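Please find the structures below.
Consider the two complexes below, in which chain A is the common component and chain B and chain C are the respective partners.
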Partner chain A sequence: MNYNWNWGIFFQPNPMGTGTYLDLLLSGLALTLETAVLAWIIALVTGSIVGVMRTLPSKGAYWFGFAYVEFFRNMPLLVQLFLWFFVLPEILPRAAGLWLKQLPNAPFWTASIGVGLFMSARVAVQLQAGIGSLPRGQKQAATALGLTTVQGYRYVLLPMAFRIILPPLTSEFLNTIKNTAVAITIGLLELTGQARSMQEFSFQVFEAFTAATILYLLVNAVVVTGMRILERYVAIPGYITGK
Partner chain B sequence: MIEISHVDKWYSSAFQVLKDCTTSVAKGEVVVVCGPSGSGKSTLIKCVNALEPFQKGDITVDGTKVNDPKTNLPKLRARVGMVFQHFELFPHLKIIDNLCLAQEKVLGRGHDKSVTKAMMLLDRVGLKEHAQKFPAQLSGGQQQRVAIARALAMDPIAMLFDEPTSALDPEMISEVLDVMVDLAREGMTMMVVTHEMGFARKVANRVIFMDRGEIVEDAPKDDFFGKPRSDRAQKFLSKILSH
Partner chain C sequence: MLGNFDFDVIRRSLPYLFYEGMTFTLTLTALSALGGLIFGTAIALMRLSGYKTLGRIAGLYVDFMRSLPLVLVIFWFYFLVPYIGQWLTGASRPISVGAFASSLITFIMFEAAYFSEIMRAGIQSISRGQPAAANALGLTYAQTMRYVVLPQAFRNMLPVLLTQTIVLFQDTSLVYVLSIPDFLGAASKVAQRDGRLVEMYLFAAFVYFTISCVASFGVRRLQSRIAIIR
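Presenting the complex of A and B:
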C-alpha cells in the first residue's frame, strides 16, 4: 500500500479557513453532541409517553402505542431521515413545504427529530417492559390508597420502572449518539461528516477516521461512566436489582 | 358499612369467579372470609374498593355505590384501607415516605402533619426507629406492619385485609396478627381474608366461608366453629384445624 502517513495533519490549517483540521473535527464533534442530546431528549420524552400508553388499560391508548412503535422501529433509520428530509416537504401543502425547505439548519433539526423519534420507539418498548416487570400489586396498592392513575405512575410505577431499565437505557443513549452519523446523508456536517471532508481535502483518510473513531469512543466512555454514576446514585438500599 | 348484594363476576364468558355473593359488614364489625384457594375470596374483597370490576350486583360502602360510574373512586378508595398479601410497600421510598405519600397527594395534608401522623402510627406498630429505612431493609413481618400503618394513615372508615399473613414466615405471623387484633378491639370495621382461624376465633364477629365463587356459609363466629351447616365448610375446617 502506497500511503503517506502524516499525523501532523491535524495541526495544519484546513482549507475552510476555520483553523486547523483538528478544529474541523471538533466542530463536527460539537454538532454530533448537540444532535445526539436533542435526539435523546425527544426519545426519552415521547418514548416515555408512548411506553406508558402501552401499559394503560385503555384499548385505544394501547393500539396507538402499538402502531407508533411498529411504525418507527420497523423502518431503517436512513429511510426515515430521507422521508422527513426529502419527501415530507413535497407532500405537505406548498406553503408549508416551502417553509420547511427554507428552514435554517434543516439537516440539524431533521436529524435530531428523526433520530429522536426512531429511538423513542425503542425507549417506549423498554419502559413498557420495565413497568410490566413490576409486581401487579404495586399498581393496586397505589390505586387502593386513592392515588389517581397519573399519580400512581408519577410517584409509584415510573420511579421503579426507570431504575430497572437504566442499564438498557444506557445502551440506547449510546445508540442515539452513534446513529447521528447517518445524518451525513442529509448533509449534516457532524463528526463523521467532518472526517469525510478532511479526507477529501487532505487525502489523509486513515488519520481522519482514526481521530473520529477515538472521539466517538471517548464520548461514549464518558456517557457510560456518567450512567454508572447515575445508577449508583439512584440505587435503593437493600433492593436487589438496585445494586 | 359495607353492603354486598348479588354480586356476579366473570373473568371470561366461560369462567365465573363470583356467583351471587351477598353479605354485609356492619360498622365496627370484624368479618373473616375463608375458603380454599381459588374460591374467590380475594376477588370479593378487591371488589369492595373497586380494584376488581364486577358485572352484576351492587356494592355500597358507607352509602356510596362502588359500581356507580359517577362515583369518585379515588376518593372512595382513600377512605377504605387495604393490606395486601405481598405488602406492596413502594420500594424506592423510605418507610416514612411510604406513609406520607398518599396523605399528601390524596388527602392534601401538609408535610409536617403527615409526618407527625406517620410517626404516631409507626410507633403504634412498634417500628418508629425504622422510619428512615427502605422497605427492603425490613423483614416481612415488619413490612406488613408498615403496610397496615400506611393504610391507617389515611384515617380509613374500614380496612380490607387480603391474606395479610400468607406470605410470612411462621415466626412473623403473630407480630402482624397482634396489630390486627388491637385494631379490631378498638372497633375498626374489618373484612379479613385469612386462614388464621385463631385470629377468627379471637376477634371475628362473623365468618364467611366461600367455595367456587359462592358464599356457602355466613355465620356468627360461635356458630361457624361450633357446627358449620354445610359439608364443605366442615371438611375445610377439619383439614385446616387438624394440625
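Presenting the complex of A and C:
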C-alpha cells in the first residue's frame, strides 16, 4: 500500500483553531454521546408509553400503538431525519416554521428527537413483549388486590417487565449510539462527522477513521460492561438470570 | 404550507426515480442480501466449527462489525477498497472502484455479521440427532451441512432473514453519504435542483413506507403459514 501513514497527525493543530485533531475527534465523541443520551431518554419515555398502550384492553389504544410502531419502523432513519429537518418547518404555519429554522443547534435537536422517536418504536415492541411474557396471574393478582390499572402497571407489571427486557434494551441503546452517525447528513458534527472533516482537512483518511473506530469500540465496551453490572444488580430472583 | 404542493414535479421525475434510483436500491438490496447470506453462513459455520481459533476470529469479526455505525463502515470501505484492489491486482496505484461495487462490498461485509448471527441461531435450533444421524449414514461434514443442517436452518430462519432484508432495504438509503443516486439520492437530487424538498422527501418517505409495510405484512403471513409445519 503506497499510503503515507502519519500517526502524529492527531497532535497537530486542526484548521478550526480548536486545538489538535485529537480534540476535534473528542468533541465529536462528546456530541455523539450527548445526542445519544437525549435520544435514548426520548425513546424510553415515548416507547414505554406506546408499549404500555399496546397491552391495554382498549382497542383504540392498541391500534394507536400499532400505527405508531408501523409508522416509525417502516421508514429509513435517514428519511425520517429529512422529514423532521427539511419538511416539517415548511408545512407548519409560517411563524412556527420560521422559529424552527432559526433555532440554534437545529441539527442537534433534530437528530435527538428524530433518532429518539425512531428508537421509541423499537423500545415499544420490546416492552410489549416483556409485559406479554409475564404470567397472566400477575395482572389478575394486582386486580384482585384492588390496584387500579395505573397502580397495577406501576407496582407490578412494569418493574418486572423492564428487568426482563434489560438485555435487549442494552442493544437498543447501543443502536441509538450508532444511529446518531446518520445525523451526519443533516450537518451534525458528531464522531463520524468529525472523522470525515479531519479526513477532508488533513487527507489522513485511515488515521481519522481508525481513531473513530477505536472510540466507538471503547464506548461499546463501556456501555456493555456498565449494563452487565446493572443487569446483575436488578436480576429477578428465581429467573435464569437471577440469583 | 401544503397549499402549493406540486404533484407535477413528482410525476415528471418518476421515470428517473424508479428506473435509476429504485433499480439501484433494489439491485443493491438483493445482491447484498444474497452475498451477506452466503458469507454470513460461512461465518456461522466457522463459529460453530469447534476449532477455537477459527471461531474466535469469526466472533471478533461479528462483534467488530456490530459495534460500528453503518455510516462509518460505508466511509471505511469507500476509501479502503481502492487500496485493497491495488494490493490484490498488484497495480501501481489505487484502482478506481465504481459507486455500485463499493457499496455492494460494504453491505455484503456489514450484513454478513448480522446474517451470521441469524444463521447461527438457525443451525443451533436443529436438534443434535440430525447431524448425528447424518454422521451415522456416512455423510461427510460438507454433505451433512449441505443436505441436512443448512436447508432446515435456512427454512426455520426464513422470516427472520427476510425481516433483516427489509432492514437492509431501508439501510441502503445511507449510501446517500457518498452522493450515490439510489432512490433517496435521486429524490434528493431532484429536490435540490427544483427547490422542491417537501414534495420529494414526502414522496420518498411514502414509497419506502409502502414497500416496507407490504413486505413486512408478507413476512408475517409467511411466518404464520410455515410456523405449523413441525
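Just so it is clear, the second predicted complex is superposed on the first by the 239 of 243 C-alpha atoms of A that agree within 3 Å, B and C clash if a C-alpha of one lies under 4 Å from a C-alpha of the other, contacts with A are read in each partner's own complex, and residues count from 1 in each chain.
Operating definition for what follows: contacts are C-beta pairs under 8 Å (C-beta built on N, C-alpha and C of every residue); 3 or more make two chains touch, one makes a residue touch a chain.
Because the structure is predicted, anything quoted here is derived from the model rather than measured.
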Which superposed partner A:P237 touches (first chain B, second chain C, both, neither): first
Touch count on chain A, higher of chain B and chain C: C
First (chain B), second (chain C), both or neither touched by A:V79: second
Chain B versus chain C as contact partner of A:M160, first or second or both or neither: first
Partner chain(s) touched by A:E70 [first = chain B, second = chain C, both, neither]: second
Partner chain(s) touched by A:I41 [first = chain B, second = chain C, both, neither]: neither
Partner chain in contact with A:V87 - chain B first, chain C second, else both or neither: second
First (chain B), second (chain C), both or neither touched by A:A144: first
Chain B and chain C contact sites that coincide on chain A, given as residue numbers: none
Touching residues (chain side chain A, partner chain C) in the complex: 1-3, 70-71, 73-80, 82-83, 86-87, 90-91, 93-94, 174, 178-182, 184-185, 192, 195-196, 199, 205-206, 209, 212-213, 216-217, 220
Residues of chain A that touch chain B when the two form their complex: 135, 137-138, 140-148, 151, 155-156, 159-160, 163, 236-240, 242
Touching residues on chain B, where the partner in the complex is chain A: 46, 49, 51, 74-75, 77-82, 84-86, 88-92, 101-102, 105-107, 133-137, 150-151, 154
Touching residues on chain C, where the partner in the complex is chain A: 1-2, 64, 67-72, 75-76, 79-80, 83, 86-87, 93, 170-171, 173-174, 176-177, 184, 188, 197-198, 201-202, 204-205, 208-209, 212-213, 216
